[in-house]
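A, B, C and D label the chains in the order they appear, each numbered from 1.
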Amino acid sequence: MSHAPRRRTRLLQFAAAATLVIATAGCSGGLGGGGSDSGSDEGPIKFGMLAPFSGSESAFGDYMKNGAQLAVNELNADGGVLGRDLELVVEDDACDATTAVAGANKLVTDGVVASVGGYCSGATLPTLPIFDEAGIPMVIPAANSNELVEQQLPGVFLINGTGTQQALAAVTYSEKIGAKTVAAIDDATAYSADLAASFVEQATDAGLDVAFEATITPGENDYSAVATQLANEQPDLVYWTGYYQEGGLIARQAKDAGFDGVFLVGDGSVDAKFAEIAGKGYTENVVGTFTQTPDMIDGADQWIADYTELAGAAPGPYSTQSYDAVRVMAQAIEDAGSTDFDKVVAGLEGLKDFDTFAGPLTFTDDHTLSGGGFVIVAIDPATGAFVLKDDLQD
Amino acid sequence: MQLIWNGLIVGSFYALVALGYSMVYGIIKLLNFAHGDIYMLGAFVGFFTLSAFGISNETSIPLLLVIMLLSMVTTGLIGVGIERIAYRPLRNSPRLAVLITAIGVSFTLEYGVRQLFGPNPEAFPIRLESSGFDVLGMRITASQLVLVVIAAVLMLVLAHIVERTSQGRAMRAIALDPQGAQLMGVNVNRVIATVFFIGSALAGAAGVMAGAYYGSIDFLMGFIIGLKAFTAAVIGGIGNLYGAMLGGLLLGLLESFGSAWFGGEWRDVFSFAFLILFLTFKPTGLLGARVVERM
Amino acid sequence: MSALLEVRDLRLQFGGVKAVDGLSFEVREGEILAVIGPNGAGKTSAFNCISAFYLPTSGSVEFDGNRIVREVPAFWRNLGLTHLLQSFGFYRVLPSRVTKWGMARTFQNLRLFRELSVLDNVKTAMHANLREGFWSTLLHTPGYRRAEAACAREARGWLDFVGFAEDENLYVTQLPYGEQRRVEIARALATSPKLLLLDEPAAGLNFNEKQSLMELIRKIRGMGVAVVLIEHDMGLVMELAERIVVLNYGKEIADGTPDQIKNDPVVIEAYLGVDEEEGGAASAVQADGGRS
Amino acid sequence: MATRLDHALKHAPLRAPSPLFDRPRAPRGVFTSQTGFLRALGGLAVVLLLVLPFLDASRYTMSIATSALIYVMLCMGLNVVVGFAGLLDLGYIAFFAVGAYVSGIFTTVLGFPMWLALIATICACVLAGIIIGAPTLRLRSDYLAIVTLGFGEIIRITANNLEITGGPSGIHGIPSWEFGGWSFDDGFSIGGIEFPGYVVFYYFVALVVVVVGVIGAGRLGKGKMGRAWKAVRDDEDAAEAMGINTYVAKISAYIIGAVWAGMAGQLMATHLSAISPNSFQFLYSALILMAVVLGGMGSTPGVIIGALFVSLAPELLRDFAEWRFLIFGVLLVVVMLFRPAGLWPATAVLPWLKRQKPQPPPFTSAVSAIDGEPTVPPSVMESVDGLPATDAEEGRQP
């Protein structure tokens, strides 16, 4: 016992000595060598993408990856960017802050020059400072919580319409169908709560009267409480901002409970699974707010074909956004003529009416989409898939 | 009124799962964490067989019953297997070890299913047509009625087994005093296996019913309901079957009202807080045997 | 010789079973008292009440001027909150407190700390009178080192005292049964008791071990510690005890010197009479249990 | 000397006769004594950790190394609760969350410097430990498990639904440590070697976690308090009979565990600069428990190994992220079945030291022959003596 501290001090001295030796040796990649984080100037240009490949959201990861990969392949096919090939580096963020930060650091270490990923707002937020510090511009395809741009980091761009814009589309539609009273339900995830809040806000501004704003716990089965509430309050339109699983259940249970208003869902719920879960005869008055998907745009069949060939599966949510994210970033680098942070950011800001699935793209001052390009989709009773119903252009 | 009815529906699910919990706990004092996942497993067995036959959007009740029996047998056997592999070797080791094993089993089941069927929720192929009608202020749907009836039948069957048959007597004997029962020539292992079979079968049935009623199943559906079922079992007095049923219904009602008053997001907080208070002041539950006063 | 422990009309009831039914006796300082009785006579239950492990239904236990059984005010009792209050530590004495007052006990079936070394087992018993704080432990202050050293010295002293011959660093599970018994007694002594309750210390010991046990108990008494032992082994009891209390069905049926007890018709009728069959079977069972 | 030793003990009426013969002093030195070897091992580990950044200072390495160290801290805390005191806590991540959120809120919302937040964190965790422990520690082990689990969920859901905790997207922009004007983010350079902020922070965390966490928990585990914990774990009644107030012992273990977790949480918040509720799900409680069980409950080196495994495995096999929990689940079962004491059991003796321990001499009596037989549960004994089996079994085994 009594001699313990002596040994420890000796050890520490040894440690210090060893440290110094190695420090002076200055190994590459180590502190001595001052390992640099910025990407190299030869070889392919690396785009990094953080997306969920494990955890509850893992389905969306593949949609995003394949979309981006398709864009990369196409760009490489006609000469790449700045005469260099593009390479897509994908990391898992599991929708969890810890994993996301590790992944982001891994991308930085791998020397990516641009980030085209980000699905869960909660997992994307902590990665912003990392990419910012490393001087890596981000074009975020899916995550679109307003908090992402609130920090006003120079390199952060959103090409998925923000909650505000989607909520605006929802409100516009409500007015269009002449709804008087509306309600909002979210599933307590960052994006969903955000969207519901801004829907309620804008609806109130638009003079609609908001019956109630409810929050449910995702991952359960029984939502009879909120269903009953809907049946009792009978709003003309209810806006569900969460994902399709709970969405389908709520739509079904609400109808069983006797609710017969319009069931408007956010983009998280726009998926063929919605109809399956809700079941036959529960989807007549289900509509959704969504950015256009290729099957809604004439002449996009070729794109779908290409995607399906690449991925072996049909495109899903955020495939197009990821595809566009890569193209936007590539274009900006092309314009900037280099992968230098400031130049690329300037390039992104300078983009004018760049053609994307969501229509011509121009970034606003706060680096979000000017339009948002949200449309109203409805469920096709035959296939259960969502199809374009109203592009809200008039 | 509506709240009460909703509560009863959820409660009957809790009760079915809680029964298994309570039986297993009563007989080998093991908190079987994996029980909720057996429930999930039941749903997936049903899903698998149905989609294997390419059935989808079916609405026939007989088919539902067939499938239910099938997955009851399957989950029952799985339950027995789990007991044999994971729990029996540890019967004489400290509780902590067995508990941790149970958690391990639970993880294995959940993520095993996840690997087999993928992380996304699946739509259950059988749906009960649910034309709603109003009775004294409550909106009741046919599917809900079917559900309650099946649950009630299952519970009655169980009650009969435990009360009337020799197996049941053996169970109660072991629950009271394992060594004593063994001395009396009861084949403890066989009885415990039976208990696991029955408990798991009930959970499996509940799983199928949930699938048919709600329509969507996923690999984590068992976790929360497992916790709730345990809460129900404790409230009713763990180890006591009628307690489990009572507790299940009670918890269902509590949640139904709780989420109506505090809002859905606080529902779990509400029921867990209730559990904690309950355990603090009446650890033996409503119908539980009163333990001797000691330190 | 004033009374060290006074038990008055002690009653303990489990549901219908009257485990202890109006037991009264007293222990004088520095004497060896044996409590005997057929199985199920409620000896261990009585022990558990005296050492505050069970809360008796009624009766009073006074040890060295401290009341071990507390009265729950009628008000609460009528409200039926007795159990609740006592489970929260109101109107009751914790066994640890009783131990601090100077009453140590061993258990019928060995209850050593299985994952602690022999030395640590004994050290643990000195918890109450060891000067160690949180910070001194964290910082390994000289005070802490002294306390640990003193603690170890004391513990070794007790191990030697009970004639423990093995390596003190072994885990108790590595020890033969007899040695485990010794360690348990050493552990009890390390709490520096005035009164030592031994619950069937001879259960499962062979002849030689019993001899050395008797010697040890006399040695303990020699240090001025009163000893109360529950024992089935009549030979040992008759040879060792100065006074014997006989229980049957939770009631005290006799109290006196070994000779008085030997010739007490009631006792013979209730106990010794059936010793051949029942006692034999009983001690067999005890031996089993001893091996836990 | 002797008198000072006596003074070290409180007055006790009965004193042991001084030892009859001097037992051989425990051997010292690196390879001849358990403690010596472990200390050397620990020292070696510290050296390696100190050297690491000079070999590879890439952000990725630094960040996973930092997370790993935080996990070690966390697991040391849980080890006190589960390993030492034998209290199964399935909501342990809640304390981690409390630490992370308290420091997050103090620094971002209230704008305090981090060191103040640290103090606040510790206080908050002590408080949380008491609030959670006080009502529930009287419960039997399995009830305790479910209740702690419930608490974990409650904390998470609450954090998810409150305004001040930033709701579902949590808190972001948590500053790093700063003293006066200088913040860790600035980094500094010594002798021409540039130390970026994250490396400095890594060093800081390494020091705090390894030195305070491991050594501190280890020391507490060896002292009076630690013996009390282990006694409670092994046999609650016997512990009580030894004059240990088991309730106090339990709650002290619980509080210490809470504080360790809180400090870990605080470090994690600073490390990630952002925290969100879904980092505090039950899964992570289970993971930490897994680390402790796998490594060996109550064994410091074992737990460290477990922590490193659990935190590094998912990073090293990122591509198998899908399989991670399945693997963990199977591992838990297998470990419990075949190596219940973990990879490095607390009772482990270094293989080359085993020989030196004298084995008990061959014992010839009838008793020792059946010494090794399986335990007969106490219930039999009690019931033989007229007590119902139930009450005697309460809370006896963890």
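The working rule: a contact is a pair of C-beta atoms (placed from the backbone, for glycine too) under 8 Å apart; a residue touches a chain by one contact, two chains touch by 3 or more.
Keep in mind it's a predicted model, so treat the numbers as computed, not measured.
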item	value
Chain whose averaged C-alpha position falls nearest the assembly-wide average	D
Chain whose Cα centroid lies at the greatest distance from that of chain A	C
Interface ranked first by C-beta contact pairs	C-D
Rounded Å distance, chain B centre to chain D centre (Cα mean)	34
For chain A paired with chain B, centre-to-centre distance based on mean C-alpha positions, whole Å	38
Whole-Å gap separating chain B and chain C, where each centre is the average of the chain's CA atoms	45
For chain C, residues that touch 2 or more chains besides their own	14, 53-54, 87, 94-95, 140, 148
Residues within chain D bordering two or more other chains	138, 157, 160-161, 237, 240, 246, 322, 375-377, 380, 388, 391
Interface hub residues of chain B, defined as touching at least two other chains	265, 268, 292, 294-295
Footprint of chain B on chain D - complex, ascending	82, 86, 88, 90, 135-136, 138-143, 145-147, 149-151, 153-154, 157-158, 160-161, 237, 240, 246, 282, 286, 289, 293, 297, 322-323, 325-326, 328-333, 336-337, 340, 374-377, 379-380, 383, 388-391, 394, 397-398
Residues of chain C touching chain D in the complex	14-15, 17, 19, 39-45, 51, 53-54, 87-89, 94-97, 99-100, 102, 104-105, 107-109, 111-116, 120, 123-132, 134, 137-138, 140, 143-144, 146-151, 153-158, 160-161, 166-171, 174-179, 187-194, 204-206, 208-209, 223-225, 282, 285-286, 288-289, 291-292
Complex contact set, residues of chain B against chain D	29-31, 86, 89-90, 92-101, 103-112, 114-115, 176-177, 179-180, 223, 227, 230-231, 234, 265-266, 268-269, 272-273, 275-276, 279-280, 283, 289, 291-292, 294-295
Chain C contact footprint on chain D (complex, rising order)	4-21, 23, 26, 138, 216, 219-220, 223-225, 227-228, 230-231, 233-235, 237-247, 298, 346-347, 357-360, 363, 365-368, 370-371, 373, 375-378, 380-382, 384-388, 391
Interfacial residue positions of chain A with respect to chain D in the complex	3-4, 7-8, 11-12, 14-15, 18-19, 22-23, 25-27, 29-32, 34-35, 37, 53-54, 58, 91-92, 94-99, 101-103, 105-106, 108-110, 121-123, 125-126, 128-130, 134, 145, 147, 151, 188-190, 192-194, 215, 217
